[in-house]
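Step one of this worksheet: look at the structure below.
Each chain carries a letter (A, B, C and D) given by its place in the written order, and its residues are counted from 1.
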Amino acid sequence: MTKTIAILGASGYTGAELVRLISTHPDLKITALTGERKAGQPMAQVFPFLRHLDLPDLCRIEEVDFAGIDLAFCALPHATSQAVIKELPRDLKIVDLSADFRLRDPGDYEKWYGKPHAAPELQREAVYGLTEFYRDDIRAARLVAGTGCNAATGQYILRPLIEAGVIDLDRIILDLKCGVSGAGRALKENLLHAELSEGTQAYAVGGTHRHLGEFDQEFSALAGRPVHIQFTPHLVPLNRGILATAWVDGDAARLHEVLQARYCAESMICVLPFGTTPSTHDVRGSNFVHIGVVGDRVPGRALVVAALDNLCKGSSGQAIQNANLMLGLEETAGLMGAPLFP
Amino acid sequence: MTKTIAILGASGYTGAELVRLISTHPDLKITALTGERKAGQPMAQVFPFLRHLDLPDLCRIEEVDFAGIDLAFCALPHATSQAVIKELPRDLKIVDLSADFRLRDPGDYEKWYGKPHAAPELQREAVYGLTEFYRDDIRAARLVAGTGCNAATGQYILRPLIEAGVIDLDRIILDLKCGVSGAGRALKENLLHAELSEGTQAYAVGGTHRHLGEFDQEFSALAGRPVHIQFTPHLVPLNRGILATAWVDGDAARLHEVLQARYCAESMICVLPFGTTPSTHDVRGSNFVHIGVVGDRVPGRALVVAALDNLCKGSSGQAIQNANLMLGLEETAGLMGAPLFP
Amino acid sequence: MTKTIAILGASGYTGAELVRLISTHPDLKITALTGERKAGQPMAQVFPFLRHLDLPDLCRIEEVDFAGIDLAFCALPHATSQAVIKELPRDLKIVDLSADFRLRDPGDYEKWYGKPHAAPELQREAVYGLTEFYRDDIRAARLVAGTGCNAATGQYILRPLIEAGVIDLDRIILDLKCGVSGAGRALKENLLHAELSEGTQAYAVGGTHRHLGEFDQEFSALAGRPVHIQFTPHLVPLNRGILATAWVDGDAARLHEVLQARYCAESMICVLPFGTTPSTHDVRGSNFVHIGVVGDRVPGRALVVAALDNLCKGSSGQAIQNANLMLGLEETAGLMGAPLFP
Amino acid sequence: MTKTIAILGASGYTGAELVRLISTHPDLKITALTGERKAGQPMAQVFPFLRHLDLPDLCRIEEVDFAGIDLAFCALPHATSQAVIKELPRDLKIVDLSADFRLRDPGDYEKWYGKPHAAPELQREAVYGLTEFYRDDIRAARLVAGTGCNAATGQYILRPLIEAGVIDLDRIILDLKCGVSGAGRALKENLLHAELSEGTQAYAVGGTHRHLGEFDQEFSALAGRPVHIQFTPHLVPLNRGILATAWVDGDAARLHEVLQARYCAESMICVLPFGTTPSTHDVRGSNFVHIGVVGDRVPGRALVVAALDNLCKGSSGQAIQNANLMLGLEETAGLMGAPLFP
């Protein structure tokens, strides 16, 4: 029951991560890889670490014959994605890794991304891809919108707590420490080794990061009232990994119970023993999420920390988990590889 | 008017940093270096990066003739320091870099460090070494207690804001990102390159870090009422640097004004233009502090971020700045070197 | 046909790497894990990155019932290994990852390791574990001695060239760049992040590295005369990876032909197009070896460069490849995972 | 006797390093900084680590009034430099940090840089800037050509050995490990943190690196016959530092004597005790060079290793040392700062 796969935009990090994960997936086979600027090149040239695989060369999207393809992953840049997907066959299953279909409301999209959406009808159709919370919808979906990697990390902490009503909704602070691959393979001065290693700083400060659109949409829906968290990411000198530290008002022991109850049946999410917190070292290269809860010395305040790999569970691993559901495969197929340490 | 200096405990990172800074100081000359376990060794062996300097070999403390020494830096481990300083000549000027004399109240000391203080009379005499806030006391002091490096970073943000009454005292969250040298040259598994690089995690979670004793002492005194901030440090894979992100309730523009007014005459502290935040890259290896303020999208909430080099301004640079005051030298002598970038 | 596995010495990096690789191996199941100092602890505590796996707790070697075990990996420290293996059941299949059985000659062992061998009869029995060159012997062996990771990297370059007689045997220089995990989880000052990151240096200089014993044994046997290469490793700030640069006298194009011919049927070894050289980035976390050849501007001189992951192909991956052979499994089972990049 | 300085091309790493070093130089004062693309910006914006300094804003070269300037450092890109310098006042002292005036022979220049030189008459005038070997010429020069950073490192090892006739001139191999800042602030994929950290590889393989032009010119002149060394650099994940490992034929003890004799009076160059080798950690951020010699186990072969900071002694520090000579200042003024460790 092997399913055939196309990856549109395979020359970036999330595209390469899809190829990496699919290379040991028992039921998926890649039949097309696209990359506009690098069309014609073999993947071994674009990503020599994939040299051992038998892969199609990169081609242009218009060269792909979608007739025989069961599902396409779309790992294109934001904005490009909506234009491309609009032209794809309407019966093709698609997992989009860009930001284009995460926000359901066209007004929200325009607010956070600065221009009107080019495919609002698809926007309505798209299912938000946070697997553990939209599983049934994803199974039935044609178009799934992968979440932001920061947005996923924060939601794994906060959704169960908001839903259970155990934290103060007006006092949610999310301080993120993010690895550099989240910024993609872009040629920017601040992503150079010489500028980034050996130091750290905040970015998108003051509530301007676009993933806040996702937080607002999801948390407000859950709470049945507007919820606006405070969120600032920090760039730290590591390639993979997001550590989300949530500072919340609530009883730590109760928070831990809620998270444990919510995730005890989830194979990808591990709630650590009370009082311990996770490290990104322990999830690197894997599809796992580690979550820890600890009480602050100030009564009624708690710290909840989550760690995941932004390229895997935060992006390409999530995409494959969703594709597995959409294709009727075992949900965790190809995703149980252990993290790489050290 | 060259002053003669002894460094007790010169085989650790703060000791080496003192030597590095003094090597280009116009008025200080090192005449004794001690290191119990490495006594007899030349510094060039213990720290080959100091090879170009003409330095005395490491010796044991009892071998030092304190008669001709104007000031001793004490860079010994916590608890050792109080035992050693108790036995030093009572007229010797001392800057202690350990935690032993930071807390004025013996009860506080016992609470945070787990045992009674061995030299409570010296504890009373010691002046807290946060230069910009205790300058006159330091100038007159015989014994100055260097602050914790995390404690210094947080206080540079919060002292002016608490004093000016512009933030909610019960809603102060300090999320720190700390470089590894703050843990010293200790042989611990979590400090190995293979365990620490390429990942990040919280430590001393939930309000257990000892520098909270300093925050409580200082902030409560300033506010005239108990102040208990929330504070969790995170270990990030870089060698030097602390980035402190304070999440506070208050008007961001007002906070910026207060900080600018407080620091405009300080040569070591730079308040960035409103809306921008600092990077540890820009202070590495230097005695400078960069502070930035930005308003959150949630009205009435602000983010204040400070960056400094834990080994320099957070420890050995601060110690020399204080020694300059105690010895009647220019306060910034030997401390105006630019950061190292990249 | 699942085979049951014990790992002796599972609290170090090579032990953990064995567990990582076996976790997705279709035919191996771990039934015992030992660690003397950490006996009684769950692996999730010793290596939290393995938390998602259902593993036996660490125990002491004497607690293991070897009756039901098909094969034991021995990832113990050098010298300990020979003492332990001597006492194991004589019909237990063993892959030893230490240096204890790599040298066939007791005199050579004593020369390089500084004391007589404690189990010379086993030394004679052991098969040298460089899979691609001892495949048939390994298939029939009871005790296989894993190679040194540096020794493996150098041999992948040099064995075919020596055998084919295409390089000057008295002019072989091997300059290695080694990641830090090769030194294990030892608490040594030079392995601390603060000492190792952001710099590089040579170690074991001047032909004193113990892996020279392996080079001498293997190359002299191949050549039928003594061969003594020059070899100096350098420690570089990365966790996994060895880059071996061999400077040889010979015709580069001919060397490339020889290597291509030798490895074209090998699934784990990839010879790059002539004129290109490999990066450790492209093999990290995998069992693959990349080899490149380039001619120097000086006629008759060539550069051959090989890259592998010291913990995987250089140690634990090799061990599993050998175990697969010894257990009658497919040789590459569990070993085809793609490298992790970035 | 303060001298006024212009820096042309101050928005790159070598330009910033010049500013850093001059900021604590007792006799130099910067009066003009140029940067074509960033003209009009304050340096604090281009390099926030220089924020504490009172510096002129960046301007265009044509805006500089060279009348009052004693010396200009030219830190422009290769090829641009010759075009700019050609138009500068003929009596202006210039230290050029580009590659444009390193090769004396126009034919050599064209061979290595692929096009004819635009200012051959200046090429003849320029003095090669390896301070310790061209000191008198530099003192009298108007135009000094800074050396390549790799070229400098190799020459510190090899010049005395070639001159003394103690090594085989046809058997010189130089294996370099280079930090990333040597490639400048260029936006290239292979310089991104995600691509460069945690791995290593060779580059400019097979004798194609342009610094070979300098080696050939200098070594052949010294030897009185053509000398063509083998040289391959490797990119290692660190920001500053070059480690040069020379594999040579010669008597190690004799080599050590020659190097010690040659450098014993040099304040910037330290020959380590015989049998020990240097680390780039110990020279980072400084103008010092450390050199070590060790004998190989193969009789008559030796290893000589040198470490320096490519941005400082390899480029901007060298430039200031030369400027000091040209301006009649103390040669080491502003250059005795200790390395930064850790």
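In this text, a residue touches a chain if its C-beta (ideal position, glycine included) is under 8 Å from a C-beta of that chain, and two chains touch if they have at least 3 such contacts.
Predicted model, so just to flag it, every value in this text is computed and none were measured.
Shared contact partners of chain C and chain D, listed by label: A, B. Taking the mean Cα position of each chain as its centre, C sits at the greatest distance from chain B.
Put simply, the C-alpha centre of chain B and that of chain D have 36 angstrom between them.
Look at where the CA atoms of chain B average out and do the same for chain C: the two points lie 45 Å apart.
Mean C-alpha positions place chain A and chain B at a centre distance of 39 Å. Counting partner chains per residue, chain C has residues 13, 181, 194-195, 197-198, 237, 239-240, 278-279, 281-282, 284, 342 touching two or more of them. Residues 173, 175, 177, 194-195, 197-202, 205-208, 212, 228, 230, 232, 234, 236-241, 243, 245, 247, 275, 277-282, 284, 294-298, 301, 303, 305, 307, 342 of chain B are the ones touching chain A in the complex.
Those residues of chain B that touch chain C in the complex are listed here as 13, 180-181, 185, 187-189, 191-198, 237, 239.
Interface residues of chain B, counted against chain D in their complex, comprise 13, 16, 19-20, 23-24, 47-53, 181, 197-198, 239-240, 267, 270, 278-279, 281-286, 288, 290, 336-342.
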